[in-house]
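You will see two complexes here that share chain A, one where it goes with chain B and one where it goes with chain C.
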Partner chain A sequence: MTRKMGYHRILISFLLLYLLLPLIATALYAFAGKWDHTILPETWTLDWFRQMSLDARFLESLWNSFYLCGISVLLSLIIMLPTVFIVTVYFPRWEFLFKSMVILPYAVPGIVAAVGLIRTYSSGPIAISGTPYILIGAYFVAILPYMYQGLRNSMLTVDAPALLDAAEMLGVSKITAFRTVILPNILPGITVSILLSFSVLFGEFVLTNMLVGGQIETVQIYLYNRLSESGHLASTIAILYFSFILLVSIGLTKMGNFMKGGLRL
Partner chain B sequence: MSYLQLAGITKRFGGNTVLDNIHLSAVKGEMITLLGPSGCGKSTLLRCISGLTEIEAGSVVLEERELTSLAPRDREVGMVFQSYGLFPNLSVSENIGYGLKMKGIKKEQRTKSVNELLELVDLSEKHHAYPHELSGGQQQRVALARSLAMQPKLMLLDEPLSALDAKIRKNLRMEIRQLQKRLMMTMIFVTHDQEEALMISDRICVMRNGVIVQEGSPEQIYSAPRTEFVARFIGNYNVLEPEQAARLAGLAKVPDISYAIRPESIILLPGEGMPSTWNGSQEFIAATTLSGYATPPFSGGDIPLYWTGKVVSMTMLGNILRYSVESEGVLLSVDILAGQGTYRPSEQSEVTLCVYTSQCIPLEKDGA
Partner chain C sequence: MKKKRGRRALILLGLLPFALLIIGFLLVPVFSMLTGSFMNDSGDGFSLDQYVTALTNAFYFKAIQNSVLIALFSSLAGIIIGALAAYSITLFSPAVRNRILLMSNMTSNFAGIPLAFAYIILLGNNGIFTLLFHEWGWDIFAGFNLYSWTGLTLVYVYFQIPLAILLVYPSFYGIREQWREASYLLGASPVKFWITIGLPCIAPALLGTLGILFANAMGAYATAYALVGSNYNLLAVRISSLVTGDVVTRPQLGSALAVLLAATSIAAVWINSMMTRKVAAFTSGPSESPQSPRTRLFQTRKKVSTDQKSLTGRESA
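So, the complex of A and B:
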């Protein structure tokens, strides 16, 4: 029994080491000063972080990423929340349409989608190629699966149609019922959808680079551009980015546990 | 005019007619049960009364107020669902007080009402609990209290006990009945459980394929089922097809209707032979009394019919013994009260069955 446990532990440790080694190396590199012929760096420094925080380009790319992702997620929420609610409650037979629609982002490879979008929107009545608008549009499609599934599942979990019926029989209008009963109960689900979508978009590279790479620099594009200039800086960005995603993931897990604990707010 | 009046309610889903010209009325304080198998339209009828489902034709009038075109929230009708429909983010008290709060009732008054209702459904000590912390029976009581809080003029219960286990179901249905009598609440109760319907109703409406096939007091429904469907649905009636009836009663001519015989109205006698009182004119009597249900029973009154059979099996159901007896190729259920002095044949033994002609209930054709 103990021997067996030991064997398992060793295997898992190796696996973890294998997965974490690149990350550890990147982290070390981000904090390393002089590191030439030793296993570990000889001197440590926070200089790369200082340089980073002073770099206007980085800050701008960070801001770009935030507002582009933020607007896209918000737009998706504003459109998808009522849509999913109406379809789930009143037109469950149309769900097949949505189910097939949300697979599209998986079915069409990013590069194909990008080429198609550029062709369509570079001229004609809606010439928005290279502007933030085309990117927001593409992002909207990219996060459809996460938004749709997340919202739909949380509505089905709380049995939104039944709650709506019950509330209506207690003398409130459909809109009040949605606001006072449905919304509070699906809020954890909505939060998870938002966080998930946001972190997916934050790490998106192919679509962003193809569509607006020359005009707008997001964190991912900035990282890509600086990779050839300085390994240290690139490592620093990577570590910052990873920390951010880690925080979001922790948030997601917390939300998940919170929902299991009885959907109370 | 009655308290509640449904006239010509018709509902179609696609090409399917789910409710076909339903007429139903209720007096104040009446407990009406809609009884029928799943898919007969009973729940749909309830949803049509509540306004959650729109109707194609017909009208709903409650206390001389036309409800047909009103939204559910304006109908002053309460509803309790099979799935409880409690708001998971609100405590028991908040759930019960939800409707009052939305109506703008002041907090003090609301708390008072909620406390009274908690008392009524015997859940005072659970007022802080959340729905997921309660058992199914407790959740349904909260749902009941939540509906009562709005002081509805009519209460609709859509299979409220179907998700509960047997023991809780039995207790809660008696509680609902007592509550209904005490509050003089007019209720429409939907169920597929005939025992439940018989126990709690003032009046039962048996539904089938979107139509009310028979309406009456539990007593009437049980003792005088009008059609084969009702007889089969309401209990363990022995339904005799025309040719089976002819065979058993030894009729020369096959009647054109079926008969129902309650298992407890068949008497089992020992042995194969006819009792000594038998005068040999069975065929004549049977032919006279069973030939047409439109004519009153044989003028000589209640005539016993006898035939022989063999016990196939016996099941103990607590206070009654249920025999399965085969006779002339027909399998009959016979219930005998378990007690001292009754004749209790063992399996495989030959017996004589006796039924009085008054207990052979002629059945109308179902049409379908």
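So, the complex of A and C:
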């Protein structure tokens, strides 16, 4: 048995090494001073991080990323919360139609979505190509599957229709019941959806590059533009980006466990 | 009665913002792309020219071929490594298991531009391993070029493996320990057990995952764009330069290629959902499989959702 387990240990060790190697290399590069023809860097430095924090263009791209992703997620939440509520409670029979439409952005690659959007908005009555508006619209559609599934699952988990019936029987209107009973109950689910959507958008490249690439620089676009100029700067950005995504994922896992614990009560 | 109708109107009004955004940013663009793909280059009149060009012109056909080949190779490699690794992971103790899965999920976020960059550091012209192999005189690797088909496939495999693990892993919990014990008692060897019971049991999951991996690689754009730019002839890269190119744009042809790409991805996702339904028949038993929060998000409590798929690891492009 132990000899058998040995094979699995070796396999998994190799796998983890393989998966972590690119990350480690990027991290090394971000802290490396002189590193031309040796295996490991000759000197170490924090200079790249200092340079990056002083780089106005980077700070602007960071701000662009945050506000574009933030507005899109907020818009999605404001619109999807009542929509999912209405569909689950009033039109459960339409749900399959609704669902297949909402899932579409997941099944179709970003490059395809970009083609349609450019065709529609690069000319004609609404020429918003290259502006934040088209990007926010595209982002809204891109995170639909995540938002919809997250919100719907949490509403079904707390059995929203039954809760509503109970509240109505006690003489409360549906709107009040939604606000005071359902909303507090699905708050963890909402948080997970927001975090997930945000991290998806933060790493978005195709739509951003094709729709507003020449006009607005998000972190991903900035990273791409800097790739050929300064490898060290690019790797510091990559490491920062990854740490941020990592924090969000840890938050997601924690929230997931929390929700699971909550369900058992 | 009147009051009721008024309330109904109010409810429908609540769906209006959603409807407007969906129409504006999903339905109209899809419709515009579909109609555009059936037009000639000047943009008027119905014609199948674009599809004929896409499938017969050597240049565009080559792009489709390259994409299909790279997607096929990377997803096959991904599923083989992923399935072997996923099985090994199931044998560890729960605590170790979760830590391995966490690490694998974590690296699945490492995709697109940052990933391409990491590979340049590792295997680019001045990469760590390039120098290392040179120093050691390993000439086999001297011909290796990251900015070629081989290099691109290597990077694609990297982002396929965590996704494959994530998707295949739960299906191993469909194989009950009792079945194995029973087959051993009846005199079957481990190999025989896997061929006659184990593999058929997880085959739907493997096939479904293969579909998702294939679609994932077909639609991947950021990694290829960052590594080889427009120099390498891939479907996604071709579409982008046809629509937003600097020199000459042929949006109708780009639309036709995009429709072809979308059709493959939708088919792959559909196959996956069919297969997941089959797997659900096995796995909806007492044996519980730990899952990532993202996978859990896509399942309802009451029934296993038909589109149980994780969103991690999708080349976040």
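In the analysis below, the second predicted complex is superposed on the first by the 253 of 265 C-alpha atoms of A that agree within 3 Å, B and C clash if a C-alpha of one lies under 4 Å from a C-alpha of the other, contacts with A are read in each partner's own complex, and residues count from 1 in each chain.
Note that in this section a contact is a pair of C-beta atoms (placed from the backbone, for glycine too) under 8 Å apart; a residue touches a chain by one contact, two chains touch by 3 or more.
What you see is a predicted model, and the numbers here were worked out from it, not measured in a lab.
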Open item on the list: After the alignment on chain A, I want to confirm one thing: do chain B and chain C clash, or do they fit together?
Closed with: fit
- [ ] Based on the superposed arrangement, let me know which partner A:Thr180 touches: chain B (first), chain C (second), both, or neither?
- [x] first
Task: Which of chain B and chain C A:Leu246 touches, first, second, both or neither - done: second
Task: More chain A residues in contact - chain B or chain C - done: C
Open item on the list: Per the contact definition in the header, classify A:Gly171: touching chain B only (first), chain C only (second), both, or neither.
Closed with: first
Task: First (chain B), second (chain C), both or neither touched by A:Met52 - done: neither
Open item on the list: Just checking: does A:Leu163 make contact with chain B only, chain C only, both, or neither of them? Give me first, second, both or neither.
Closed with: first
TODO: Applying the touch criterion given at the start, work out whether A:Ile194 contacts chain B, chain C, both or neither, answering first, second, both or neither.
DONE: neither
Open item on the list: I'd like to know which partner A:Thr26 touches here: chain B for first, chain C for second, both or neither.
Closed with: second
TODO: Working from the superposed arrangement, determine the closest approach of chain B to chain C, counting only CA atoms, in whole Å.
DONE: 9
Open item on the list: Identify the residues of chain A that lie in both the chain B contact region and the chain C contact region.
Closed with: 263
Task: Residues on chain C engaged by chain A in the complex (per definition of touch) - done: 11, 14-15, 17-18, 21-22, 24-26, 28-30, 32-33, 36, 81, 84-85, 88-89, 91-92, 100, 102-107, 109-122, 126, 128, 131-132, 135, 158, 161-162, 215, 218-222, 225-226, 236, 239-240, 243-244, 251, 254-255, 258-259, 261-262, 265-266, 269-270, 292-294, 296-302, 305, 307, 309, 311, 316-317
Task: For the chain B and chain A complex, residues of the former touching the latter - done: 50, 52, 71-73, 77-79, 81, 83, 85-89, 98-99, 102-103, 130, 132-133, 143, 146-147, 150
Open item on the list: Please output the residues of chain A touching chain B within their complex, sorted ascending.
Closed with: 158-159, 162-163, 165-173, 176, 180-181, 184-185, 262-265
Open item on the list: Which stretch or stretches of chain A touch chain C in the complex?
Closed with: 5, 7-8, 11-12, 15-16, 18-23, 25-26, 28-29, 36-39, 79-80, 82-83, 86-87, 90, 101, 103-120, 137-138, 140-141, 144-146, 149-150, 152-153, 156-157, 192-193, 196, 199-200, 203-206, 209-210, 213, 220, 223-224, 227, 231, 234-235, 238, 241-242, 245-246, 249, 252-253, 255-257, 260, 263
